[in-house]
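In the two assemblies presented below, chain A is common to both, partnered first by chain B and then by chain C.
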Partner chain A sequence: MNWIGRRLPRLEDPALLKGGGSYVADHAGKAAAVCFVRSPVARGTIVSIEMPSDGTVFTGRDLADVKPIRPILHRPDYVAIGQPVLPVDRVSFCGQAVAVVVADDAALAEDLAEQVFVDIDVADAIVDFDTALAPDAAPVHPEATSNVVVEGRMKTQGLDQAFAEAAEIVALDVRSHRQSAAPMENRGGLAEYDAASGRVTLTASVQMPHMLRTGIADTLGIPESELRVIAPDVGGGFGQKMSLFPEYVVLVWLARKLKRSVAWIEDRRENLLASAHGRDQAFSLRGAFARDGRLLGLEADLRSNIGAFSCYPVTCGVEPLMAFAELPGPYDFAEYGVRSRGVTTNTCMMAPYRGVSRPTLTFSMERMMDVAAKRLGIDAAEIRRRNLIKAFPHRSPTGLVYDEGSYLQAMEVAIEAAGLPAFRARQEAMRERGRYLGVGLSVFSERTGYGTPAYAARGMEIVPGYEIVDCTMDPSGDVVLRIGSSPHGQGLKTSLAQLVSDELGVEPQRIRIISGDTDATPYGWGTFASRSMVIAGGSSKLAAGKVAGKLKTIAATLMETSPDDIELKDGWARVSHSNQAMEIGTLARAAYHQSHRFKGLLPGLHENAVYDPGGTFSNASHIAFVEVDIETGGVRVERFLVAEDAGVLINPMIVDGQITGGVAQGIANALFEEIVYDDTGNLLTASFADYLPPTAAEIPEIEIMHMETVSAESVTKAKGVGEGGAIGAPAAVVNAICDALSPFGIELFELPATPQRIREALRRAGGASYA
Partner chain B sequence: MPDKRDVTLAVNGKTYAVSVEPRRSLADVLRDDCGLTGTHLGCEHGVCGACTVLVNEKPVRACLMFGVQAEGKTVRTVEGLADGDTLHPLQQAFWENHGLQCGFCTPGFLMLAAGALQENPDMTDDDIKDVLSSNLCRCTGYQNIVKAVRLAAREMRARARI
Partner chain C sequence: MKAAAFDYLRPADLGEALALLATHKDDCKILAGGQSLVPAMNFRLARPAILVDINDLNELDYLRADADHLKIGALTRHAAFHRPVVEGPLGTLLAKVVRYIAHYPIRQRGTFAGSLSHADPASEWCLVAATLRAEMLAKSVRGERVIAAGDFFHGTFTTALEPDEVLAEIRLPAMAPDWRVGFYEFSRRAGDFALGMAVAAARVEEGTIREARLGVGGVADRAIRLGTLEDQLVGKPASSALIDGIAREARGMIEPNGDIHASPEYRRDLIATSVKRALTEALA
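Let's look at the complex of A and B:
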């Protein structure tokens, strides 16, 4: 029986369904509780900190020996800014931790935190792009000469010529407002001190446990052997839990200092205020189009608000440099000029959030295609047809090499399923009754599963990318896989078990996967950037393949045949073209207990493998159907289609789950979610009553169709699929809104398209029935 | 430290005698004092519903109720949903239909649906979607949760007829 391709219910689920999940707060138990005192202002100088006499409180002065978090990009345009784990002199954003309180329980710690008075000499905060980029702006950080802390630029030789030859130049200014990944479980950590060894075990809700160990050890100046990091069940991450946060360094410092166990369980207000944000971007694009709709050249000025600090390890280059490299997306054109800047401000740090720049750049390109199509009198699908990548491998203007994909086919499949002629008739009829329906299309590429070459090209000092997997079959024939990836809801353990089952011929239930424990797994990079199925999957397949090879040699020796004639399946090693067979468990026992019989083989069944691929591009096309209420500006998504190509699907149920969840976040990006600061840098959206993730009522059923392009760039033939839903949906939804509002000539270029913004556009267009 | 009060709670058919501060939420009492960590806290503002439990068989946000208010009432948490090793039809349907990913919101959705179906086993599909819009999930995009609850409701009605 083959397991790849089956909708196997997840092996992770029974415990989670019975309340037996194991999240960090479930372990906090009797540890002392930690509460952080946070800056109430965005910018200023710390004058004094008054502390209650009966409390255990520490400030930046107590942690003077701890190094700042200071990730490095080796680029001349990058300004390295250190983030003190607790600041001594100045605060740089509202919510920055300035002191830490330890008490017997969380309520007492909060009581004490309220008695800590931080006197800050407040300065004018820099919150938005215009203030930050003004020629006379005072830099947010004195060590920088301006607020631009990373900048990518390039221009191809023929760009000016392309614009000179253009029949139509489409210019647009796009704005994506700030968002939070908002995982359902907030951050949290438990640092346990072991008196016997002096080691600290940090159990934390994180995506990159090994990286966290390195980062904390480096800032504290201790060897990594003194620290163990465990990522238990993690209640969602979406990128937010990748970075090294000051709070985790402080926890380990406290455990070592106090020689006791301490726990910090973040609340939602802290999470929205001080974890990490993303998507605060302003893009200006100019597209040079030929009369027939072909895009000849693209010029772009891209600004990303990176907040007050640079996230470790990927740095604040992550959004601007992703935008710089990947703006061309699924389109085949040669001439490109771009300036992409990361701009620092007195706001919460930017860090990766599902999609990283690509939701905004896809939104930008797809809005541009729709606008160009209208101006040139070409159908929205047709202009894409004329510009999509059709030949592979494709080399983009920024030098990225796209492997085999199905850009055009995916769009055609989605369009066919959408039934556009019938919709257009209904749209027409409904308009006569004062109801505004619209349909919107988006097409995009999703670069996934990239190894060290991609990160090295960015100039990262810490170059992630590879994965090492240890695969062991024990004497009973059961398998343990130790992985450096760190899943947090993706169902990776089930998918890997299916993959390895087909290599070893044992059922998935007999494959146990150990992740998220630096004492028990090989050094690895965790789970982010749609990488785990491709990279951890690739190394799992390779490691299991080596064990399978050894099993075949043992079977061949015992059954006196050639290893090439052995097939491992359904728990048995069978000799082809004969009825000879042995149970895999018997072979496993022999590998350990009869090793003297197998000349040239090491005893036991233990192998490892490394996989470090160049990367593979997934692609998809999204189509959204919406209805806009012109009286309220409210938008209802009626129907949503996805035609996705993620290569071979290991577990189609899990893949569909990733797409659906991503699309829901993309719809939220398009319509609802926005982190809002006032002019002084004070956060106005610090609860779920103000920051609005959608509910079941706002998300329609997502219809998904699959292409399966087989790429040579992935040993499992799977491509990554974690982010695509979030990348393509905002563009499709807003294109649909603009289609609905086309009688008013409205074009929207801002995310999210909230009722207020839609009403404002209608008022300006004279299409609202009241002011 | 505020004075503690002795409270007796009936949770999942078991009696817990605990001594808690009056300001402690029911969610904290269940998690920290009864050791029932299946009830999760996502926002502590009563918005996300991850902490939903049944109090006198009605869905309640355990973060918006004090532990002392549960004195004399019956409480049911996710740990009390399965019948031994046999999953409740809702749990089974969530499993089969991929109604969970990270699992953090799952106990709240299960208890919300269990309470709602107990009150009205014949909810229409729209009713179900409406009820489920009380809680937040960040991973699934909801459609598999909605589907799982619809299928579980059907299964529970079928069993009730037997």
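Let's look at the complex of A and C:
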């Protein structure tokens, strides 16, 4: 029986659903409680810090030997900015930790924190790009001469010619407001000091445990052997939990200093204030279109607000450089000119968030296609048909090579399923009754599963990408897989077990996967960027394949045949074209206990493998149906379709779960979630009463269709699928809103499209009743 | 996210509770459902020195209807209104409105009287009480008094209650079977605070409005009963033109507040739309 392709219920779920999950806070019971004192202002000079005399409180002066967090990109346009673990002289954003308090419990720690008074000489904060980019703007950081801290530029030779020949030039200014990944579990860490060894074990809610160990060790100036990092069950990350945060360095420093266990369990207010944000971007695009709708060239000025600091290890280049490289998306055109800047401000740091720039760039390109279609009198689907990539491999203007995909086909499948003629009739009928329905389309590519070449091309000093997997079958025939990926809710253990089951011929239930423990797993890069199924999956398949090869050799020796004639399936090694067979458990026992019989084989069944692929592009098309209430500006998403091509599906149920969750975050991006600062850099959205993740009531059932393009770029034939839902949904939803409001001639270019913004647009268009 | 230290007292009956309030006055807060108070304490926005938990006061857990009133005891939870508590339009209206109050688990604990005492400007029950001309029965060791809804709400989170008083009972006027009711609320997500809402009720005889109730909430520092618009409705035949005119007047007569979710200008839109939709439902 093949396990790949089956909707196997997740092996992780029984424990999670029965309250048996094990999150950081579940471990923190006996530890002292840590509370951070945070800056109440966005910018200023620290004059003094008054501390209670009877408490354990530390400030930046106590941590003077700790190095700042200072990630590096080797690019001439990159300005490295150091983030002090606790600042000594100045604060750079509202919520920045300036002191740390340790007490016996969390309430006492908060009492103590209230008694720490930070006297700050407040300066004018720079909150938005316009202020930061003004010619006379003071730099946010003294070590930078301007507020542009990373910048990518390119222009192809024929761009000017493309614009000269254009029949229609479509210019648009897109604004994506800032968001939080809002994982269900906030950040948190428990640092335990072991008196016998002097080592510290940090149990933390993170996505990259090995990277965290490296980062903390470098910052504290200790060897990595003195630190163990464990990522237990992690309640969502979406990129927010990739970065090295000052809080984790402080926890390890405290455990070493106080020689006791300390725990910090972040609350939602802190998470919204001081973890990481994303998507604060303004894109200006000009598209040169031929009369027939073909896009001849694209010119773009892209600004990303990267906040006060550069996230480690991926740096503040992550949003601007992703936008720079991937703006062309699924479209086939040659001429491209782009300037993409990362702008520093006195706001919370930007870090990757599911999709990284691609929700905004897909929104930009898909809005542009709809506007161009209207201007040129072409159907929205037809203009895409004329521009989508159709031949593979495809080389984009920025040099990215797209492997085999199904850009056009996925769109046609989605359109077919959408039933547009019937919808248009209903839309017309409803409009006569004062109700406004709309349909919106988006098409996009999603670069996934990329290894070291892609990161090296960015100039990263720390180059992630490969994965190492250790695969061991024990003498009873059970399997242990040790992986450097670090799943946090994706069901990766189930998917990997299915993959390995087909290699080794044992049931998935007999495969145990160990992740998220630097003492027990090979050095790896964790889980992010839609990489784990492709890369950890690839190395798992390769490592298990080596063990399978050894099993076959043993079976062939014992049954006196050739290894090529052995098939491993359903727990048995069978000789083809005969009724001879041995149980895999018997072979495993022989591998350990009768090793002298197998000449040329090392004893036991233990292999490892490395996989470091170039990357593979998934693709999808989304179609959203909405109803807009023109009196309130409220939008209801009535129906949502996804035609997704993620290659071969290992577990289609898990893939559907990834897409559904991503689309929900994409709808949130389109309609609900927005981090708001006031002019002084004070956060106005510090709870879920003001920052608005949608509930189940706002998200419709997501209808998903699959294409399966087999790519040579992935040894498992699977492509990544973690981010696509979030990438395509905002464009589809807002295109649908604009379709609904087309009688008023309204085009929206701002995310999220809130009721208030929709009413403003209606008022400007003269469609506001009561105006 | 832990509350500052406080003392916790749990009186066994109303007499004991009132004595505690008389002793501690401003130092204490009454804990009923705790759905607003406890989060505020955890944010350390509220820091009462003493909590007086009234959940053992079974004598306050009642709903009684007589010819003139529906009487709601202080421990009546929101969830009690999920099904009509009285026959006729009042029970129907309360059952409709209650679905807009936060989420199901919150409605199991939060109380009607707690909402009124807390006086959040976006509280559905405050709007109902103001619009339907409820009476509030306040008790203290000094005795008891009845406060009209129009005098009860003083602004955001402030009421006419003295520190030693408990809001023991709310009296909603009974509604005859020929009243018709309507309610509309707009919020960003299911269960969110209203950005604008309206309650409407009318008694119509042979196509002519004989009596009317109209109020809006979630737009200013307290729920607003639109008495002059009620008067304009009375004596007129129900029509969409009438409703439209009333909605436009409502839009112009209120100075709404603004926040990140709704500017004053946008809130005016929501006032008009809420009034129109609530009235349309009531006059359908």
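Some points to look at:
Note that the second predicted complex is superposed on the first by the 771 of 771 C-alpha atoms of A that agree within 3 Å, B and C clash if a C-alpha of one lies under 4 Å from a C-alpha of the other, contacts with A are read in each partner's own complex, and residues count from 1 in each chain.
Following the convention adopted for this analysis, contacts are C-beta pairs under 8 Å (C-beta built on N, C-alpha and C of every residue); 3 or more make two chains touch, one makes a residue touch a chain.
A quick note: this is a predicted structure, and the numbers were derived from the prediction, not measured.
Measured by the number of chain A residues touched, the leading partner among chain B and chain C is B.
Of the two partner chains, both chain B and chain C are touched by A:D267.
In the superposition on chain A, contact of A:G5 is made with neither chain B nor chain C. In the superposed pair of complexes, A:A689 makes contact with chain B and with chain C alike. Contacts of A:G158 after superposition: neither chain B nor chain C is touched.
Residue contacts after overlaying the shared chain place A:R759 against chain C, while chain B stays out of touching range.
In the superposed model, A:V663 lies in contact with chain B only, and not with chain C. By the touch criterion stated above, A:G634 is placed in contact with chain C alone, chain B being left untouched.
Look at A:P68: by the touch rule set out above, it reaches neither chain B nor chain C.
Of the two partner chains, chain C is the only one touched by A:E110; chain B is not. Overlap of the chain B and chain C interfaces on chain A comprises residues 107, 267-268, 687, 689, 695, 697-698. Contact residues of chain A toward chain B in the complex are 9-10, 12-14, 16-21, 23, 25-26, 107-108, 182-186, 233-236, 238, 267-268, 488-491, 653-654, 656-657, 660-665, 687-689, 693, 695-699, 701-702, 725. Residue ranges on chain B touching chain A, taken from their complex, read 1, 21, 23-24, 31, 36-45, 47-48, 50, 77-79, 81-82, 87, 91, 94-96, 98, 100-107, 110, 129-130, 132-146. Of all residues in chain A, those touching chain C in their complex are 106-107, 110-111, 114, 267-269, 631-634, 672, 676, 684-685, 687, 689-690, 692, 694-695, 697-698, 754-756, 759-760, 768-770. Chain C meets chain A in the complex at residues 1-5, 43-44, 186, 188-193, 195, 247-248, 251, 260-263, 266, 268-270, 272-273, 276.
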